[in-house]
C-alpha cells in the first residue's frame, strides 16, 4: 500500500503526468520550525540538470498545504505537494503497449486491468520519490540534533574511482545506454536502541523503504555480502566500552536489529535505468510480436546520481519511525 | 514490533530459555487441511545435528493450540507453540555483562534497562525463527498450488563450491571459529501481479522479513549488486510475450515492485555466527575493562546451514501476504 | 492518527482555514468509473444553506488530483481535495484563548503546546468531514450493487416528530441556541459475512469511524440501549432460513460482530453544536478568569442535519473495508 | 482481525473448547513488576459462580509464558495463557446446525464455510474476554499511577435500582430467560491530551474495543444519547481553569476526541444473553425447517454481571494505547 510507518507515517499519491504529486506525514510533533525553504537543499540534490541526469527540468517547488501555522508544525498531518509542470505525455504514446524492458508498464497493465495511468510510468514513476525526499527533510528534524548523514556514490557502472565517474557517464551517454550505481549512506550520532524486535529491526525498516525506491535491487548493512564470506573472528566487532563502542564496524551500527550507537552504514544497489534510447527488442501487444523499440522521452543515464538523496531520505524516515 | 503482515499476519513471542516459543497466524482462510505432521519436513531442515550445526538438540515438535478443528483450519487465529526443553542457562552466566562481540546482548541490556532475559539471547535468540518456519509452512499452503521453492546455500565462508563445503566447515570447527554464507531462494510459479505500490513492493516485504532473521545483513534480487555494475542494455530483460515472459531474468522476477511471473530470485547474506568458542576480547561491564572472553554454550559453526529454510519461509510469508 | 482502514484505507489532512482539505484513498480497485460529478449528490446533502445550518457557504467542489485516468480509477491512491474559499478567520480571534465550552480548542492548545492552528477549529473542524463524505461516495461503489442506504434524522432536540423539526430549529435559532439530534442509518443488501473476529467486528469498525465524526457521543446497533433493558426471549431474533433471515431484527443485522444478511441498523447521537451565539461563561487564559464569552462566526443550529450524510459515509467506509 | 492497538498491541487466540486461550501483548515497556498474582483480582470479577452467572466453573489461572524475567516485564511480548479445563462439548451437539437465535453460530458457519469450531461458540465465545481482562490488568500498569477506575452495573433488565438486581435475576432464572444490562465505567486521573485526531479519537478507540466484546450493542460517552436531546446551552461544559476543569461533565471527559482531564464516563449496553434455556423457535439446517430448540449448556442469566470488568479492561487498554 501507499503508507509506511507507525510513529512517522507517510502517505504518498500522484502520477508522473497528473496535476501533482503529494505526500502527507502523520505523527509529526507540533512546534517544529518549518518552511518551504527547508526543503530546498535536499530537493536540489534530487534535481536534474547535471551530466548523466534527465533533461526534464521541473522547478519542484514544495507547497505545504496542511499542518503548518505561523512557521511551525501544528501536530496535524503535514502535507506537501509538488505540481507537475513539464510533462510530455506524447513521448510515451509508443510504449503503452510496446512494453519497455524491465519497466513496470507490463505488470501495471496486467495488475490493474489496463486502467493504470501509463503516462511517464504513472504512479510507478520515480517522480514519486520527490515525496520521499520531502519527508526525509522532515524526518531529519525528528532525529536527535547531532545525527549526521554522509551519503555518496561509491560506484557507477562498476567503476569505483569517483574521478572517473564523468568519463563513465559520458561513455554511456554516447552509447545511448545507462549505468547502475551503488549508494552508501553513513549516519553518525544515531543513539543506541533504535529498532524493535522481532520484525521491525532497524535493518528491516530501512530495507523496506529502500526497496520501495525504484531501481533499488540490493541492500546491505556493514560488511554485508562481503561479511558473509568472512569468519566470525574476522567479522565480529568487539565492544570497548559500556556504551557499545566498537573498533571495527562490520555490523554497520546494528546488532540484533537494534542500533548500537556506532555509525550506521548501509549500501543500496541501483540498477541501470531501464529506459535507454538505444534500440531494444521487446514484446508489442498491438502486433503480438517481439519487435524493436526506440524509447523516446528524457531519461537519466544513471538514476543513482539523483537517487543518493532518496536513499538518504529513506534511511532518515526509517530511523525517525523509531523515535517517540 | 513483533507483528508482520496484513493479509497473513504473524505474531511471535517467547525466549530461548523460557517455557516455550510461539507464533500466531491471523488471516488464514478456513478449510485448509493441516496437521502437526505438515510441519515436519521444513522443521527438519532447520534442525540441528548435521556437521556445522549446534549440538543443542530440541525435538521441536509443533503443537497447534488454536485455529484447528477436525484437521482443517477454522479461519480463527492459528497458533503453534514449541516447548523449550534442552536449555542450559548456566552456559550464559559469564556473558550476561561480559558482552559477546556482535551480539544483541549489549543493545538489549541498554534498550530494556537491564530487564531483558539474557539467557541464550532471550527474545533475540535465533530460536524464534522456529515460528517463522512454522508460518512458512502455512504460507506455502496459501500460495497457488504450482508455486515451487528451491533454496540452497550458494556460498559458505567465501567458498562457492558445494563439494568443498564440508571441508570449510571442518576447518572452521577446528579453529573454533565460524563462517558466514549466502542463501539463494528461487520461486517458480508465482503469478504476475503480487506486490503493492508504493511502499509494499514485493522486494520491500520480502526484505523486511529477511532482515528480521538474525544474521541476515544483505539482501538482493536478481542481478542485485552485480546488476548495479552493468549497463542498462546488459541488465534489461526484454519481454517476449504478453504474459511477461523474459529471456533473461536480471530483475529476479520483479518489475516496479510487482512480480512479473518469472522466477523470483532472492539472495540473503548471513554473517558468520558471532558466538565462537575461540577467545575474543570485549568489554566486561563487571570489571569495566576490555577482557578476554570465552563463550561457552552450543553454537552453529554456520547459521546459514539451518538458515536456508528460514529464508525460504520468510519469502513464502511475504508472498502469502499479497494473496487475497 | 489520521488514517483508517486496511482494505480501503483513508488518509485525511487539512484545516478549516488553510488552503484546502483533502483525503487520499488507498486500496480502491482499478476500473471503477468515477468523475467529480459522482460526488455531487452526497456533498449537496452536507452543504449548508437550509434552515438550521450555518450561513458559511462553500462551493465544496471536489478536485480529483490522483488515481484517475480516462474516467476510471487506476488502482493508485485516489486523492480528492477541496479548496477552502470562504474563511473569516477574524471571527475566531476572540476565542483563541477564551476557550469555547465543550470545544476542542483547550485540549488542542495543550496537546500541541500552543502550536495548533486555532482558526475555525483548525484540524478539529467539522469541515474535515468533507473528506469522509467524498470517501463515502467511493466506498459505496466498492460495495455490492444492491446495497442501499436509507439515512434519516429520527430526532432533533428531543422531538421525534419530523413534522415539527422546523419548529424546533426555529425556536433554537430564536434563542441563539442549538439542538442535538439522532441519525439512523439503515443499510439493505449487505451480504452475510462482513466483519472480522475478534477486534474488527462490524460494530467495532463502524463505531470507530462514527466516533471520529465531531459531535457523535453515542452509537448503538439494532435495539441497542433499549435492548439492554429487555429479556433474551424478547431481544432474540429467531432464524427462519439457512441464509440467516430473521423476523425481528434486534441485532441490527450483526451477530457476533459479523453481518448476518439482514438490514444493518445503526444510530448515532450527535450532541448539540457547542458553538452557540448566546452568551456563555468560560475560562479566559488571557485574563486567567472565568468570563462571559460571545461566540461570533457562522454555526449550525443542528449539526445532525448536515451530519446525516457523514454518518452514512462512515458506515459505508467501514463496510467497504470488509470487501476484498 | 485478532489484533488491536499500536503502542500497546494485543493479539488473541483460542476457542472455548480448545486446549487453551491466550493473549500476547506487544509494546509493554521493560521493568514493570508483574506476576500471575497481579491478575487475580480482575479475573475474580469475571469469574462465574455468583447468582445470575453460569455454573461452568473454570479456575482461570493465568500462565505467563513469555516476556517475564525475574518478576519484571522484559520489553519482549508478554504472553498469558489460560487452559480450558471444564468443557462439555456434548452440550453443543444439538445446536451445531440448529442455529441458536441471535448467536454467531449461523454467520460463523457461512463465513468460514462450515470449518469453524462450533463447540461452545468456538472462537466467538465470550471466554475470549479472559484475554482482554488479562490485558486490562497490564494496561492499568501502563497508565499514570493516579488513574482510578470505578465500574458498576447501573441497570439490569431495565431495573435501575441495585437493591432489586437480585430479584430481577431470580425472576429471569425462574423463567429460564436472561436479562441485559448497562455497565458504566468512570475513570479518574486521566491526563489531558489522550486521543489522536482524526480517526483515533479517544471515543473511537474505546468504542472499537467495547464493540469487540460479545453482547455490547451500544456505547455512549458523557450525556450520550440523552445529550442529543438537549440544547447546546444545557449540554455545554464551561471551563473553569486553564487545566480544563469543568463544572458539568456532559462530554464525559473528552472534547474533540481528546481527553480533557475530567473524569471519563462511558456506558456500554450489553444485550441479554441469547442462550436461554426456555424453548425457542429457529431454523434447523438438518431438517430445513423452523423448529423448537432447547439450548443445553451452562449460561449466564446476565452477561453484564461478569462483563463489567471486561468493559473496564477495554477502556484501560484503549487508554494505554495513547501512552508513549
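Each chain carries a letter (A, B, C and D) given by its place in the written order, and its residues are counted from 1.
Heads up, the rule we're going with is that a residue touches a chain if its C-beta (ideal position, glycine included) is under 8 Å from a C-beta of that chain, and two chains touch if they have at least 3 such contacts.
Each chain and its UniProt protein: A, B, C, D = Chorismate synthase.
Because the structure is predicted, anything quoted here is derived from the model rather than measured.
Student: Can we say the copies chain A and chain B touch using the same residue numbers, with more than half in common, or are the two sides different?
Tutor: Shared-number fraction above one half, so same.
Student: Applying the document's contact definition, name the chain pair with more C-beta pairs in contact, A-D or B-D.
Tutor: Of A-D and B-D, more C-beta pairs in contact link B-D.
Student: Using CA atoms for the superposition, what rotation angle relates chain A to chain C, in steps of 5 degrees?
Tutor: 180
Student: Averaged over CA atoms, how far is the centre of chain B from the centre of chain D? Could you give it in whole Å?
Tutor: The separation of the two C-alpha centroids amounts to 38 Å.
Student: Could you grab the centroid distance between chain A and chain D? Build each centroid from C-alpha atoms only and quote it in angstrom.
Tutor: Measuring from centre to centre gives 45 Å for this pair.
Student: Taking the mean of the C-alpha atoms as each chain's centre, how many Å separate chain A from chain B?
Tutor: 26
Student: On chain A, where are the residues touching two or more other chains?
Tutor: As it turns out, chain A has residues touching two or more other chains at 1-3, 6, 12, 76, 111, 123, 197.
Student: What does chain C use to touch chain A in their complex?
Tutor: Touching chain A: residues 1-3, 9, 11-15, 18-22, 24, 26-27, 30-31, 65-67, 69-70, 72-79, 111-113, 115-117, 119, 122-123 of chain C.
Student: If we count contacts the way the header does, which residues on chain C are in touch with chain B in the complex?
Tutor: Where chain C meets chain B, its residues are 6, 76, 197, 324.
Student: For chain A, which residues are in contact with chain B within the complex?
Tutor: Listed in rising order, the residues are 1-4, 6, 10, 12, 99, 101-104, 106-108, 110-111, 123-124, 128, 155, 157-158, 172, 175, 177-182, 192-193, 196-201, 203-205, 207-212, 214, 216-225, 227-242, 244, 246, 250-252, 255-260, 269-276, 278, 280-283, 285, 288, 290, 304.
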